[in-house]
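When the chains are written out, they are named A, B, C and D in that same order, and each has its own residue count from 1.
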Amino acid sequence: MIENFLGSTADVGYNRPMLQTARPKEKPGIAGPPHERYFDAFGWMLLARTFEEKLASLYRGGRITGGVYVGKGQEAVSVACGIFLRKGDVFAPLIRDQAGRSAFGEPLVDVARTYLGSRQGPMRGRDGNIHRGRPREGQLAMISHLGAMISVVVGSLMAKRWRGEKGFIGLTTIGEGGMQTGSTHEGLNIAAVEQVPLVVVATNNHFAYSTPNEREFACQALVDRALGYGFEGYEVDGTDLAACLDVIGSAVKRARAGRPPQLVVASILRLAGHGEHDDFSYVTEDIRKQPFARDCLQLAERFITENKLVDAETLRAWRDQAAQEVEQAFSTAQKEPVPEGTEEDWCAISTRVLCDQAE
Amino acid sequence: MSITYLEAIREAQAKLLRDDKRVFIYGQDVGGTFGGAFKATKGLAKEFPGRVLNTPISEDAMVGTAIGAAMEGMRPIVEMQFADFSSIALNQVLNNAGTIFWRTGISCPITIRLPSGGTKGSGPFHSQSMEALYSHYPGLIVMTPATVEDAYTMLIEAVAIDDPVVYCEHKYLYYHLKADRLPSEGLPVGQARIARVGRDLTIVSYSAMLHESLTAAEKLAREGLEIEVVDLRSVKPLDTATVLASVARTGRLLAVGESFPWGGVTAEVIARVAAEGFHLLDAAPARVNAKDTPIPYHPNLWSAHRPSSDAIVAKARQLLRE
Amino acid sequence: MIENFLGSTADVGYNRPMLQTARPKEKPGIAGPPHERYFDAFGWMLLARTFEEKLASLYRGGRITGGVYVGKGQEAVSVACGIFLRKGDVFAPLIRDQAGRSAFGEPLVDVARTYLGSRQGPMRGRDGNIHRGRPREGQLAMISHLGAMISVVVGSLMAKRWRGEKGFIGLTTIGEGGMQTGSTHEGLNIAAVEQVPLVVVATNNHFAYSTPNEREFACQALVDRALGYGFEGYEVDGTDLAACLDVIGSAVKRARAGRPPQLVVASILRLAGHGEHDDFSYVTEDIRKQPFARDCLQLAERFITENKLVDAETLRAWRDQAAQEVEQAFSTAQKEPVPEGTEEDWCAISTRVLCDQAE
Amino acid sequence: MSITYLEAIREAQAKLLRDDKRVFIYGQDVGGTFGGAFKATKGLAKEFPGRVLNTPISEDAMVGTAIGAAMEGMRPIVEMQFADFSSIALNQVLNNAGTIFWRTGISCPITIRLPSGGTKGSGPFHSQSMEALYSHYPGLIVMTPATVEDAYTMLIEAVAIDDPVVYCEHKYLYYHLKADRLPSEGLPVGQARIARVGRDLTIVSYSAMLHESLTAAEKLAREGLEIEVVDLRSVKPLDTATVLASVARTGRLLAVGESFPWGGVTAEVIARVAAEGFHLLDAAPARVNAKDTPIPYHPNLWSAHRPSSDAIVAKARQLLRE
């Protein structure tokens, strides 16, 4: 028996992957939050949404160079990816993971720095936006090629195992589109062969850029792929924060307990364009009315309100705090100097004496 | 009427689809109501139902599928979303498409469109110029149109050619470049063009760097220097004869490219001129390339990384002093 | 209900892939062969085995340049891949498919020509051994990179569909090792998305070169991957000719009938080295005693003899005929001239005016 | 004692595993009792349990895994079964390994061993020399050892270096080349070597072509011609200074490489000498490369495709006549 609730200790023996969909728990008038990390998680979601709304408005105002890609509608999945990780873990997030990155400890000012091109940002203006990372703190800096980070996480985990570290896991995210790359396949398979403590959270937001599911894959459920790799596989309703915390939290726990790699497939609709340049007019009205198109943040807020988990005052205070943190991050970053070409040594390797001199 | 480089690419594809039922377009997001990340196929899926197809994010399989269709007589155009992602398809392009004719005698007429080159804020993975990788291996034709007219006629020719063509279209030129009308014919493929006549120095360039070179030539003209500018048009085959003829007139060579320095188009141009036209040179040939680091995201860094008309002017002056 | 016997017409509706292992039918003293193509197939197997034995001996005698890779032990699977194909079909065989290639119509002399480097061979000395193909006749010329041919077959089938051809299918083979490449993943997935009439026959011969299954993949059964792509999936005992004909024949039939792409996974042991240079000492005695290690050709012969399906005389005649055909092929090829560098124009493209002049 | 180029590679790996517990070897068939398609890791899995690991046929993931381990402090050596299959890993090598340090400041010390180059009967997909592809992109060091001694010391250095190294070992040299003993130290990485002293012409070469060049020099010596031969050792960084110093002595340059002509090492060498040492040249520089077709399977075709000492001699004579 699998117990989805993170609180429970009853973890399970190895058997064939169980395709298990955690559904929102609708117990009317319950006394506390449906998950011990529910409020924390809600806070990160709120922060991410607030930050990205500001970001989008800066983008529209022509203040951002390069693309802006937001996680609107994916915050519940993403926060659940970041919130259970701890120091020593490895997190390789992708483009819709602001909530998870924050929950794992990425300072908001570093995000603002990256978008505004501050030389004090973690990428020093060399790389931008979603490619940012903090490898020293376990947050890898993605390359664009989808799927390429999975095997990188595998290697990090092998190194940790060799060094004798204990209790660590790796978690990486992928879209349903990215699941069709060869790199993803090789990465998932090698993870299973190496039996590393890995959780892969795939979000089917029903589109890869403008391409709908039917031109992406033809299987009935992506979670069935777990079986073919020797992963354990779970489905989750990505609009439901409690379910995300349950299912992803349990997967994290199982990975930590030494069980095979875990695949969680979340279902959701991307509630923004692929990037802010995209009006997503290809998403039909019909699709926007599907259950998977609900807004996870609104659902969580309604759940909190309807069940009177906190009062309106508190909610407002949370929102204010998020707004303030976002303001703070941008205003700090805005004041910082930008990088200058004249100050670069244009050497791509760390062994400077071996820099090639071709012009 | 005014037509951009990007529109020329779309028009060429519309014409190809209209005139030749063997043509189809295959790529991420090219279909539906969307028409591609850059809208190079906007409207085509509707006009040509079933012939402009969205694909999964599977560059290797996109090219493999096109190869199979081409061997069976179709004329696929594969759009990579960005040139940079063609690294995933590289094996299919080099080892499959590039070897089929030589190994089996069956031709493989695929055209792979690579939205190439740097634009502001695009960073290391959405800015690459990959013509050198594809030119190094045998079996491929590599086109690098620099003008609206060439963007149009060369794409039409790319599809007509019985061999695999890597068509590098420059994203910076998409909107920056306009022409009054589309030509019905262009220069033959494989032939370079004298884009500006001069007698003091030959600049050999292609794609977006042609325009930086022309700007540099303008600037130098104010100082009374007459710079000849050659537009390679295709980098493989590379039209050595036209380059040599120009160097014969000017005695000096500066090769300008946007890709990384080691083994780029500029190295190949200089190697050929040095080997075949050594006696034509009055001074050391020189080259201007991007820097040998990934392409930076921040505009300040990017403009220092990418060859600018100023960098070309500086190098040209140095060369003319020799 | 799936009916495995090709003779049966009862083909089935679409449902989740059925993991179905066809077992040898052991009806003692039956009157006829267990499959209508059984004798044909046996003939091709015999021819392939005889040819490859000769080839291996030539290799040992230093008469072959380049590698020799044989299909010993895989003839039953391979012949079943080739024998049901007809003109207009596309076949993309791999390195262990001599039996299938012959059954699909490849002249034996072309094989001998390729190995002996005759300029009259299909590859004119430019490419060798297993890379040979006859694309005009529907047999593609593989490149070495495993998995790369799958999407090529998909494209061929799409072209045929566009041209309005009917009733054709494509069939391609892959090893369990090759199933781990990114190219295989992308190829299988795109086949399902394009819904082409494709059969993929994967042979798990328990080794990729020297690497055993446990370092190749970690799923319980490779056929489970079918599910994750939207293929229909079947397992078969690759040592059993009748089963191979049944299961692969049925898959071919289903593909022709317009059903989703088919994956058949055969289990077997490679009964030779990876190539003839390899002594396969890494295959332990224990493995050699497993049921999957039986020799399909011996089993078929024993089945024929024990059930008195043909008499000893006929069997001997079959064997003699095979030997004669093999002799003939090699002796023809041996007399032919070899290619000369001076006669090559060294142009890799068909548009000769566009050959680049770099030296 | 006599030790081959291949044994030197195995010895270097044994030493690395012995001396540095961060080192592990990752590749197809490298482990078990087998020890690699060419036996370059024979016996190592037994001697170093758990540190010489077989992988699935997944070149992309092999390199990705190594990158992750390297970023966490390990020193992985990845063996490609043949250089040709590294096309599948190319994206991880160029876009991931090659960019990590520059983007993040974290170094990525992986070594990728590529069994490279042509041997009789190996054909288009088991004969390639891929150094140009890897050298074109930023962020990588590309080594091409030509001697038993260099095979040994450079592999040890490759693993010591904090950056990604593509180590191109030549399959033709595996058994053909022998030395009496292994050195404890070699020339510094990045430094070329004068393999033979001369004054009439400089041949610049590397890897297996060094030996064809030396043979050519021998043949020409019988005619009284003194050919200097430079062994580049690493093609990126490329030691322009040593090449220029040699050309300063001889006045003539012939660059010899086994890879395809367009944009290969030879183009880069000539471009550098032409640009930086133009006045040193008494005649046009020249190059000898493989032909611009896939590498043929049949030995007759292969020996015409690959540069031979005779082809080098012919080109050298021509160059010396100028």
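Note that a residue touches a chain if its C-beta (ideal position, glycine included) is under 8 Å from a C-beta of that chain, and two chains touch if they have at least 3 such contacts.
All values reported here derive from a predicted model rather than from experimental measurement.
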item: Shortest contact path, chain B to chain C, counted in steps; value: 1
item: Far-end chain from chain D, centres as C-alpha averages; value: A
item: Distance between the centres, which are taken as Cα means, of chain D and chain C, whole angstrom; value: 37
item: Averaged-CA centre spacing for the pair chain D and chain A, given as whole angstrom; value: 41
item: Rounded Å distance between chain A and chain C, as computed from the means of their C-alpha atoms; value: 44
item: Sites on chain D at which at least two other chains make contact; value: 55-56, 58-60, 84, 87-88, 91, 95, 98-99, 102-103, 124-125, 135, 138-139, 236, 238, 262, 267-268, 275, 287, 291-294
item: Multi-partner residues of chain A (each touching 2 or more other chains); value: 123, 126-127, 131, 143-145, 180-183, 186, 189, 193, 215-217, 348, 355-356, 358-359
item: Arrangement of touching chains [line / ring / star / complete / other]; value: complete
item: Sites on chain C touched by chain A in the complex; value: 16, 180-186, 189, 192-193, 195, 214-220, 222, 224-225, 227-230, 260
item: Partner chain B, residues of chain D touching it in the complex; value: 84, 87-88, 90-91, 94-95, 98-99, 102-103, 124-125, 132-133, 135-139, 236, 238, 259-260, 262-268, 270-271, 273-279, 281, 283-287, 291-294
item: Footprint of chain B on chain C - complex, ascending; value: 90, 122-123, 126-127, 131, 133, 135-136, 140-141, 143-145, 148-160, 162-163, 182-183, 186-187, 189-190, 193-194, 348-351, 353-359
item: Complex contacts: residues of chain A adjacent to chain B; value: 65-67, 117, 123, 125-129, 131, 143-146, 177-178, 180-183, 208-212, 215-217, 281-282, 338-342, 344, 346-348, 355-356, 358-359
item: Partner chain C, residues of chain D touching it in the complex; value: 28-29, 31-34, 37, 53-60, 81, 84-85, 87-88, 120-126, 261-262, 267, 287-289, 291-294, 296-301, 303-305
